[in-house]
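Consider the two complexes below, in which chain A is the common component and chain B and chain C are the respective partners.
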Partner chain A sequence: MAIRPAIVGVGQTYHRSKRPDVNIGELCTEAVRAALEDAKLPPEKIGAFVVGNMELFEGRYMQDMWQADFVGAVGKPLIRVTTGGTTGGTLASVAFEHVASGMFDLVMAVGFEKQSEGDTRAGLKTVADPLWNRWQTTGAIGYFARVATFYIKETGAPEDAGSRVRLRLARHAARNPHAHLRMDLESVDQVMKFPYLIPPLRQSDMCPASEGACAIIVASEETARKLPRKPVWVDDWTSVHKEMVYVRGGRHSTADLEMAADRLFRRNGIREPMKDISVAEIYAPATWAELEWLEAYGFCEKGDAWKLEEKGQFHFDGPFPVNPSGGVVCTNPIGATGLIRVAECALQLRGDAGEHQITRKPTRGFSTAWGGSGWTVAHLLSADGL
Partner chain B sequence: MEEREERLSQERIMEIRYRWSAGPYLGRFLAELRDKGKFYVVRCPGCERFLLPPRIVCSTCYTRIPEYPDGWIALSGRGILLDWQRVIYPQMDPETGEVRDEPFLHGTFRLDHDLLFVHYLGPADLDEGRLQEGMKVEMVMKPQEQREGKVTDIHYFRIVED
Partner chain C sequence: MKVGIVAASRTAYGELPRWRPHELTYLAVEEALAKIGLPFRDGYQDIVTCSSDHWEGMTLTDIRHGEVAGGHLGPGEEKVCDDGANAVLLGCVKILSGQADTVLVTACCKETEVLDPSVIENFAFDVPFQQLLGLDFTQAAALQAVQYMDRTGLLPEDLARAVIEARRKGKDNADVFCREEVSEEEVRDSPMLAHPITTLQRRPFCDGAVALVLASEDKALSLSPQPVWVTGLGSCCEAHNLGDRDLSSPEALRAAAARAYGMAGIRDPAAEIDLAEISDHYAHQFYLWCEGLGLCEDGSAARRLQAGNFDRQGPLPVNPSGGLLCGVPRYVAGANAVMEAFEQLRGEAASRSVGKPPRIAVAHGTSGPAGQHHCVIVLERGF
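And now, the complex of A and B:
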């Protein structure tokens, strides 16, 4: 890597299922302003922008043209990234690449979603080939019901394993002022009362449809050292695509998650991920996926995640905090979701996460984005002075 | 009474027409299904795996796949049930946009050459209590006059006795 990038500012909006008080541009300004304030930078210092959201959701062609006016990019380089569920993760990766290339010193990435303006379910269903298998798509719920079914079958996890994940994440979200679903849940039994969508998947196992935006500011090492915030170093990032177009509904596989984590860990000398990494903000849109994917990333053995969950291993004040923000099952403004994972990791590594700050010493962070049932983007960050 | 600020928004419904080309591979697959009830796969000459449906290149070894009939093999239409999903929440039909309220079952079937395929389970097999992994299934086509050159020209898969 030519130039080492650092995250020098993050900002996000609060999240709700509807934000009728603002339009898309106004929503983005909230995150942009928060990131600039966090970095203590005036808008004119930003040299380039990367913006993104989901295709089709809000029904606007050239969303990037619309957004330029509202993120402060008029007259400057700006590109739109729209890679489905991974959009937010790719936004971060592309901003890192802008800086790593040496062409830009300060780059801002902005992701948003305003799901109530369009039809998320209709948008997601267009993922499948219209002449092959679009007719049979059951959206995210159908996919994650399969994840739950396979996880139970392959690991012997009890049917309440997903509900335990929800309970942990609800507790985390309750401490995070930016989280969307801040459910007052006290017991697994209480979570188990939520109705089934597709058994064994319950309503409480799935993410909400959220509206909100997130922005991060990335700087070159030289610039980052001159700025007031403690920089969060970006050590590495990658993305993996699995064969998907004609195999949807076929053999269940987590190959993309495994390859992405394995590549990053190998390249960075991480041999014991749960020891070497102090916090994970992973993009898991369902509780069961969080369990299955912690195993796929190699944090624990296959079939162990639900047992570690029962022991409280993944709590924000536990030995290996996972999604201390409350994660995707509490907040999912899709085009921003992957970027929120990066931003939340950065806050943890800076020690600035407030009420949901992990108690373990923050050293390295792992953030991911996932989408399309077979794409993974992953980032490895580290705290300053490590 | 306190005056509430109006939060103005406007709604439009947009109907957009699409027409997608099937190409010579998927197109031939669908035409054979429609006209003869035959379910074709093709073997990749590079890595020798079977591709369902047939396509122009193998996505893993990037070998060019021959057009019909070179290397194309019709499957028997029989297989075994691997798992199933009972879809009970109101589901939008991606073909029409209409919401279907009634529950239905999707099955995953293992066909010849270990190929996996997802389709409906038939009306006689909706009793989940009777379903077991490993049951034998067979493909049931729609009557000739109802076929449209779509994957749903297959009506469903039904459980067959040994």
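And now, the complex of A and C:
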């Protein structure tokens, strides 16, 4: 890498299912302003902007053209990158690349989603190839019901395993003022009362449709050291795509998740991920996926995640905190979701996460984004002075 | 470190109902890789695609474009959702960042599948104000043309001349959509779209794809004995509200060019640049962009075109390919300009070749209403 990038500021809006008080531009401005305040930087210092969201969900064409005025990109380089669910993660990667290339000193990435202004389900329906796959009209729920079914079948996990994940995430979200669903859930039995969407997947297992935005500011090492916030170093990032070639009706594949984590861990000498990494903010749109994917990333053996969940290992004050923010199951403004994972990881590594700050010493963070037909974007961050 | 372009390929542009969008991408990818014997998927670490969900009526069009570019369980893939020149820019950024040493860049659009492009373009304008006016890109460009004509004294016959000259050059380009020469009367009498823009003064809508292979300095030298170096990159965005801009003065283009020229060490673009491929989506933009890029004095482009300065044999050939007025799809446009410059610098432009072998070329792409966003790329012959 030519120049080492660091995250020097993060900002996000609060999240709701509807934000009728603001338009898309204004929503982005809230996150941008928060990030600039966090970094204690005036807007004119930002050298370039990377923006994105789900391209079709709000129906807006060339959204970046209108957004430019609201994020402060007028008179500056601007690029729009959209990779579906992974958009937020991609925005971070591209911002890291802009800084690492040596072309820019300070770069801002802004992701958002305002789902009430469009039709997410209609948008998702057109994701399948019009010639071969458009007959599959179930969207994300069918896919994650299948993940849950296979997880139970292959690992012997009890049917309440997903609900235990939700209970942990609900407790985390209750401590995070930015989270969308901050439900007061006390027991597994209470979570198990949520209705099924497709058995064994319950309403409580699935992410909401949120509106919100997130922004991060990335700086070169030299600049980062001069800024007031403790820099969060960006060690590495990667993206792996599994394209639409999986076998119909067969078992879904987690090859993208495995390959991305393996690539990052190997390149950075991480042999015992649970020991070497102190916090994971992973993009899992359903509780069951969180279990399956922790195994796919290589944090634990196949079939062990639900057992570790039962032991409370993944709590924010536990030995290996997973999604201390409440995760995607509590907040999902799609184009911002992947970026929120990065931002939350950065806050943890800075020690600035407030009530949901992990109790374990923050050293290294792992954040991911997931989407498309099985795409993973993953980042490895580290705390200053590690 | 430098970035080199080592291979490029395009489909012919036109109405191509036989091919699905990603099949067009595949045709370009397959040929570009074959030119340097680069293996599919394993030969590069990253892919940058450029396509539009709106024009293909599909969410995540990079599922299919990424797949045919070799994105399955191998190199990463990112989709740029602006003009193709931005995809080339991101490809270069990836190499400069050290995250990849070889990057495949693709751009594709199938405009003829869309029944009413105005509807899509209208959705690019902000919701509270401009969208409600029913504006599309041609109307925004028409406002720009009128303002520019008013400021510089440009006449309708000058607009026609830009089309006539473009088509005269395009006659020698086997890959553009419209290769017939046109007369001043034909341009003037073609159906009016939005005053003063007539049908022939607008880029004809068509289908096609382009693919380029970029590589780091060392890798480029090992892949090709004739690399072309990317020495300057610049982009810039202007205000969105048309009323907030002086449409006749392309500030964003000037800023993007200044950035790219600064990086390439170019002080006097008109003297140092040997060739330009610019994105003239509308006739008047040929002049406006020439001036914005500093290829001539402000307000002098029409005179210079008439004097033959921008001819293939002239002192500073502009759009020797014929340019967009001969029919190159949107999204593909900027990446195609890079490919045209690449071929000219390598002496592979066949009947489109300029008189004096060029050493430095500039390629330009633009997106948004009336050129709200610009991307400028400087290329240099590396052998």
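Just so we're on the same page, the second predicted complex is superposed on the first by the 378 of 386 C-alpha atoms of A that agree within 3 Å, B and C clash if a C-alpha of one lies under 4 Å from a C-alpha of the other, contacts with A are read in each partner's own complex, and residues count from 1 in each chain.
In this section, a contact is a pair of C-beta atoms (placed from the backbone, for glycine too) under 8 Å apart; a residue touches a chain by one contact, two chains touch by 3 or more.
Computed from a predicted structure; not experimentally measured.
By the touch criterion defined above, A:Q12 lies against neither chain B nor chain C after alignment on the C-alpha atoms of chain A. Contact with chain C, but none with chain B, is seen for A:I24 once the two complexes are overlaid on the shared chain. By the touch criterion stated above, A:T254 is placed in contact with neither chain B nor chain C.
When both complexes are overlaid on chain A, the residue A:S220 reaches neither chain B nor chain C. One of chain B and chain C touches more residues of chain A, and that partner is C.
After overlaying the two complexes on the shared chain, residue contacts for A:S325 are found with neither chain B nor chain C.
Shared-chain residue A:V81: touches chain C; no touch with chain B. By the touch criterion defined above, A:S278 lies against neither chain B nor chain C after alignment on the C-alpha atoms of chain A.
Looking at the shared chain after the overlay, A:A2 reaches chain C, while chain B stays out of its contact range.
By the document's definition of touching, of the two partners only chain B reaches A:W132; chain C does not.
Shared contact residues on chain A (touching chain B in one structure, chain C in the other): 59, 126, 129-131, 243, 245. Touching chain A in their complex are the following residues of chain B: 7, 9, 14, 18, 20, 22, 26, 30, 51-53, 55, 59-60, 83, 85-89, 91-95, 97, 106, 108, 116-119, 150-152.
On the chain C side of its complex with chain A, the touching residues are 1, 20, 52-54, 57-60, 62-64, 66-67, 71-74, 76-82, 86, 89-90, 92-94, 96-99, 120-128, 233-241, 251-252, 255-256, 259, 263, 367-369, 372-373. Only residues 1-2, 23-25, 49, 52, 54-57, 59-62, 64-66, 68-69, 73-84, 90, 93-94, 96-103, 123-124, 126-127, 129-131, 237-245, 255-256, 259, 371-373, 375, 377 of chain A touch chain C when the two sit together in their complex.
Touching chain B in their complex are the following residues of chain A: 20-21, 59, 121-122, 125-126, 128-139, 141-142, 145-146, 149, 196-199, 243, 245-251.
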